[in-house]
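Listed after this line are the structures, all set down as structure tokens.
In the two complexes that follow, chain A is the common piece, with chain B as its partner first and chain C second.
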Partner chain A sequence: MDSLLHVLVVGLLLGGIYGLVSLGLNLIFGVIRIVNFAHGELVMLAMYGAYVCYATLGLDPYVSVLIVVPALFVVGVLMHRLVLQPLHAESSMQIFATFGLLILFQNAVLALTRGEGYSVPSKLAATTFEVGDIRVTMSRLVIFVALTLAAIALHVFLKRTRIGKSIRAVTQDRQAARLMGINVERTFTITFGIGAALAGLAGALLAPIYTLSPGIGGNFILAAFAVVVLGGLGSVAGAYFGGMIVGLVEAFAGFYIDPELKQAIWFVIFLAVLVVRPTGLFGQAGAEDVGFREQT
Partner chain B sequence: MLQFKGFRALAAGVIAAAFATVAVAQAPLKIGAINPYSGPLALYGDEVARGYQLAVDEKNAKGGVLGRKVELVRGDAGNPQQGIAAVDQLASRDNVDLFIGTYISAVSNAASDAAQRYNKIYWDTNAVAAELTERGLPNFIRVGPNASNFADMSVRAVIEQIAPALGKQPKDLTVWIEHEDSIYGKSIGDIQKKLLDSKGVKVLGQGAHNFRAADLTDVVLRVKKANPDVWLMTGYVPDGNLLHKTAREQGFKPPVILMVGTGDTNETLDAVGADYLEGAMVVSYPRPDISEKFGPGAAAYLAAYRKAFNREPVAPQGLTAYTGMRILLETIEAAGSTDVDKVRAAAAKLDKPLNTYPSGFGVKFDDKFQNTRAIFTVIQWQGGKQVTVFPPEARGPGVALKNVPRKQ
Partner chain C sequence: MSGANTHTVGLAPDEDAARVAAEAPDPALGLISWRRVALLYAGGLFLAALPFSLLSGDLFWVNLFTYTYLFAGLAVAWNVIAGFGGQFSLGHGVFFAVGAYTTVRLYLGWQLSPWLGILPGAAACALIGPLIFLPTFRLKGSFFAIATLAFNEVALVMSNYMESITGGPRGLQVPFRAGVANMIFTNPRAYTLLAFGFMALALGVVVVLMRSRLGYYLLAVREDEDAARAAGISVTGVKLRATAISAGLTALGGGLFAMYVRTIDPLTLFSLPDIGVKFALLTLIGGMGTITGPVLGAFLIVPLEGYFRAALGGAGPGVHLILLGLVMVLAALFMRRGITGALDAAWQRWRHARPK
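Let's look at the complex of A and B:
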């Protein structure tokens, strides 16, 4: 019984990691309809950003969030302005472009670090709490809390603010939004920036857990895509609960069945959801088709 | 050889200068060094090449090989395709006489195959995949240890060192085998299981994980539940670090952790910290701190390395590479040529006992041209430093095994 509860906690906290990585990906995917293959690399850049803040300024990774998140927002804005926007007429080219950026980011970091594995220490991150037999690490708890807050903030932002409303408007119908006087390009750029900033938040908070390597983004991205599809395209709640589901499935399958099989098991569930409910658990019906509508 | 020496003795006086001119005029002996020198694997690729370079410099200072200067030509290869391309380029453009290479087994596999098409020797110093020598490739000779040596040495350490230190008979000892789930980790884990079973050690479980997994708490909880005396761990740097960190967070500190292959560099120290690592052991390539009796010349290697590169060795692979190159140059001298058949014949005749070379190796090739006297050693983390502790004769002066079992 104890281990059941323990695995539940482990799974939820792991879900926090997946949810946080997926949040920005889902926003970009849901709004701009770009599959951002470089999303994992944005997370990776943020992790190295936290490392740089630690190595040069001696900052704890949790403090470096204040620098890394705005920096990633700028990276996202630049990515969209300089690379993706000029390709807006050819959506498949945009996907290739994000793939190119993936290779570019990975290799740039590789060239700078020579592939040596870096670590970002944090006293705070390593503290653990004990509740009965269950041990919870600060680093994972912080991620869970950050995901919850970020999801709520994003939800409120999209519902209540002017920019948020314009983001929702262009998601529903670009042409109508443009006719209503919304600057679609600017909205897209801001959305991409926010998505990248969320990747930045994920990266800075993940940095104390992992050993940094240029390819580390790939460790999360497969799961993140699964979370996005499972939870529902463009849905904040989808990223949140989708992350939890993948985390729980992985923890239970890993502990009770076999760690070797856990990925296979959640991909089976992923495929089953796709067959039964193609929009994902929280997606709106038809959301997956929007990308194929004429969008000029 | 004797005739050559006789000729030199005759020539020593009057035509010494003329002889020197001949030696200089001789084209250099070119060795193509296949390694990843760019990309994510370059860190150790460069280190392996530094080992080669030191052995070559040492030989050139003594007049080279067969009267020819030795020249190292680098071929950059991080994957099999690049391995083939590098061999093609080195063979056709640079006219290298033979090849030496790398710690990446997949590259070694492809590059040695390509070298065979040019009918040139591929001398393997650092790749460990067992199947490389199973191919029966006529130009392939492996002078370094292979993956089954990893398993052998880890089990030897468990039986001969760890069990006595824990005050247990092997049959009372419990072990958990954890490995990453590719062929590399699995092959080592399977041999460990077989060997431990044969010694009567209780293997509580054998687990596999993906080295890129975002979370390994499930693995740690399984091992914690089994509560073994010894946790054997085979994988790469990122998953090894994550296992340690997760175990620490979960309040799990098994009496003995014995890692295989990785975990003996500062990448692990930085990630895990000296406190939790204290007492953990790693089966890896022999390090320059081994005793002079075990590895004659290891200290001289370290001194030469520091002088040439003005830094501490990045990883122990360099010493194995250095030794491998030294044995190659000796073999070429004995063969009097770089011809595949002659080098093979000369290699087959080599018979040097263990503890001949700076890494502690001897040489005796089996019929598949695997050096049967290449070995790994075991280090222990002591106060944030890597100290060679096994085999006992490899220990430097004043070195002892500490913290077995580890302090909780």
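Let's look at the complex of A and C:
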């Protein structure tokens, strides 16, 4: 019984990490329909951003969120304006371009750091506390709480604010939104910026947990895609609960079946969901039907 | 089309026409005689062989050309289902790896000559490939891409796990025992010829395919699935047959790759930037859905990558890849229809500018 509870907690906290990384990816994928391969690299850039804040200003990574998140918003806006928007009618070229950016970002950081691994210490992150027999690290709990707050904030933003409403409008029907006077291109750029800013939040909060390396984005990106498809496109609840499901599956499969196979198991679940219910668990029906060609 | 507010329902008429012309696969391949097709094919192969024959004295270039021809063939194979069929697969690394593992496994375990051992892998991919793609064919666009990407990752995890077959994370090594029967040569130029032969085979298959009924069905399915179905085409059947061709050829390439490098491991075979996504990158940069596009893409990117690596490898880790990433982004921005699209546009301009 103890071990069951333990695995449950580990899974939920892991799900927090996946959910946080997926939140921004889901927004970008769900709204603009861009498969942003470079999303993991945005998380990586944010982690190094947190390191720079620590090394130059002596900031705790949790404080550097205030700098890193706006910085990533700007990176996202630039990325969309300069590279992705000019390719808006060519989805396969967008995939190609984000892959080019992935290689560019990864190796730029590799060249700058010369492959040295950095870590960002935080006093708060290192503390642990115990609930019964279960030990919880503060850094992981912070991520779980941050995910919950970010998901609620994003939900309210999309439902209540004017920009949020226009984001939902372009998701549902670009043509109609345009006819209603919504500037579709600007909405997309803002959406991409917000998605990148969420990646920034994830990166800054993950920085104390991992040793930083240029390729670290690859650890999250496939899990994040799985979460997005499992949960449902453009659905905030989907990213949240999808992250939990992937985290729990990974923890339980790792504990009860074989740790080496845990990834294969959630990929198989992911494939099954994709085939049986392409809209994902929380997605709107029909959302998956927008293929490459229909995007104008 | 940057001020996209103007981009509403239709395009300007002549822009529309140019777009259709650019999208049409090597125009009217079926309308020219077999004789001309054969001449074009032979001429193209001659041009492709020319740079190698000029530089065959330099082992650095010999190695680069081996990879260029091999990946040109692989990109041609990928293009069958992705370019002509419109199914943007990122899972072809699986077929590549199955070809590589089968060839090496049969050679190490049963001393079966790779010349024969390469065939079961290709046959298996041609049969099983369509079956594993079958459930995903109802997915479109990015969803198909991500689902096939997941296949690649499952296969990576499984090949790390099934140590008895794949050698696990350490991989499999082929001992150096030179001999024609072993497909192991002391002269590296032999591999270049082999890779060239593979590219020629893949191109030949595609030329014949695109003159056949199946080729036209495939284009019809890509352009409009519903219309194709209404016209009596079995959409899934067409996709399955095209996948079989594409997967079989990719497995052949994987087998050749394994015998050339003689050491294979999961991280190499399932690498996205070097294998699985590379087929797509080469084809996109060359020109999707054209016969020459994938070859041109490989001829540009593979030598460029090798050259950057050699020239800038000393400048620090990752510098050559920064340049490659930059080239990719710029190519995407300025050659949206790939090299063939850019050449075609230049040719159209020249033709219209010429005084009558």
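We adopt the following convention: the second predicted complex is superposed on the first by the 290 of 296 C-alpha atoms of A that agree within 3 Å, B and C clash if a C-alpha of one lies under 4 Å from a C-alpha of the other, contacts with A are read in each partner's own complex, and residues count from 1 in each chain.
We adopt the following convention: a residue touches a chain if its C-beta (ideal position, glycine included) is under 8 Å from a C-beta of that chain, and two chains touch if they have at least 3 such contacts.
This is a predicted model, so every value here is computed, not measured.
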| item | value |
| --- | --- |
| Partner chain in contact with A:184 - chain B first, chain C second, else both or neither | second |
| Touching partner for A:114 - first (chain B), second (chain C), both, neither | both |
| Touching partner for A:214 - first (chain B), second (chain C), both, neither | both |
| Chain C versus chain B, contacts on chain A by residue | C |
| First, second, both or neither for A:70, with chain B first and chain C second | neither |
| Touching partner for A:260 - first (chain B), second (chain C), both, neither | both |
| Chain B versus chain C as contact partner of A:100, first or second or both or neither | second |
| Contacts of A:126 with chain B and chain C, given as first, second, both or neither | first |
| Which superposed partner A:6 touches (first chain B, second chain C, both, neither) | first |
| Residues of chain A contacting chain B in one complex and chain C in the other | 110, 114-115, 214, 258, 260, 263 |
| Touching residues (chain side chain A, partner chain B) in the complex | 3, 6-7, 10, 14, 17-18, 110, 114-119, 121, 126, 128, 130, 135, 137, 209-211, 213-216, 218-220, 223, 247, 250-251, 254-255, 258-260, 262-263 |
| Residue numbers on chain C that touch chain A, as the complex places them | 1-2, 4-5, 7-9, 86, 88, 135-136, 138-143, 145-147, 149-151, 153-154, 157-158, 160-161, 273, 277, 280-281, 284-285, 288, 316-319, 321-322, 324-329, 331-333, 336 |
| Complex contact set, residues of chain B against chain A | 39-43, 46, 181, 207-210, 212-219, 221-222, 225, 237-238, 241-242, 245, 248-251, 267, 270-271, 273 |
| Parts of chain A lying in touch with chain C, wherever the complex brings them together | 29, 33, 35, 83, 85-97, 99-111, 114-115, 175, 178, 183-185, 214, 222, 225-226, 229, 258, 260-261, 263-264, 267-268, 270-271, 274-275, 278, 288-293, 295-296 |
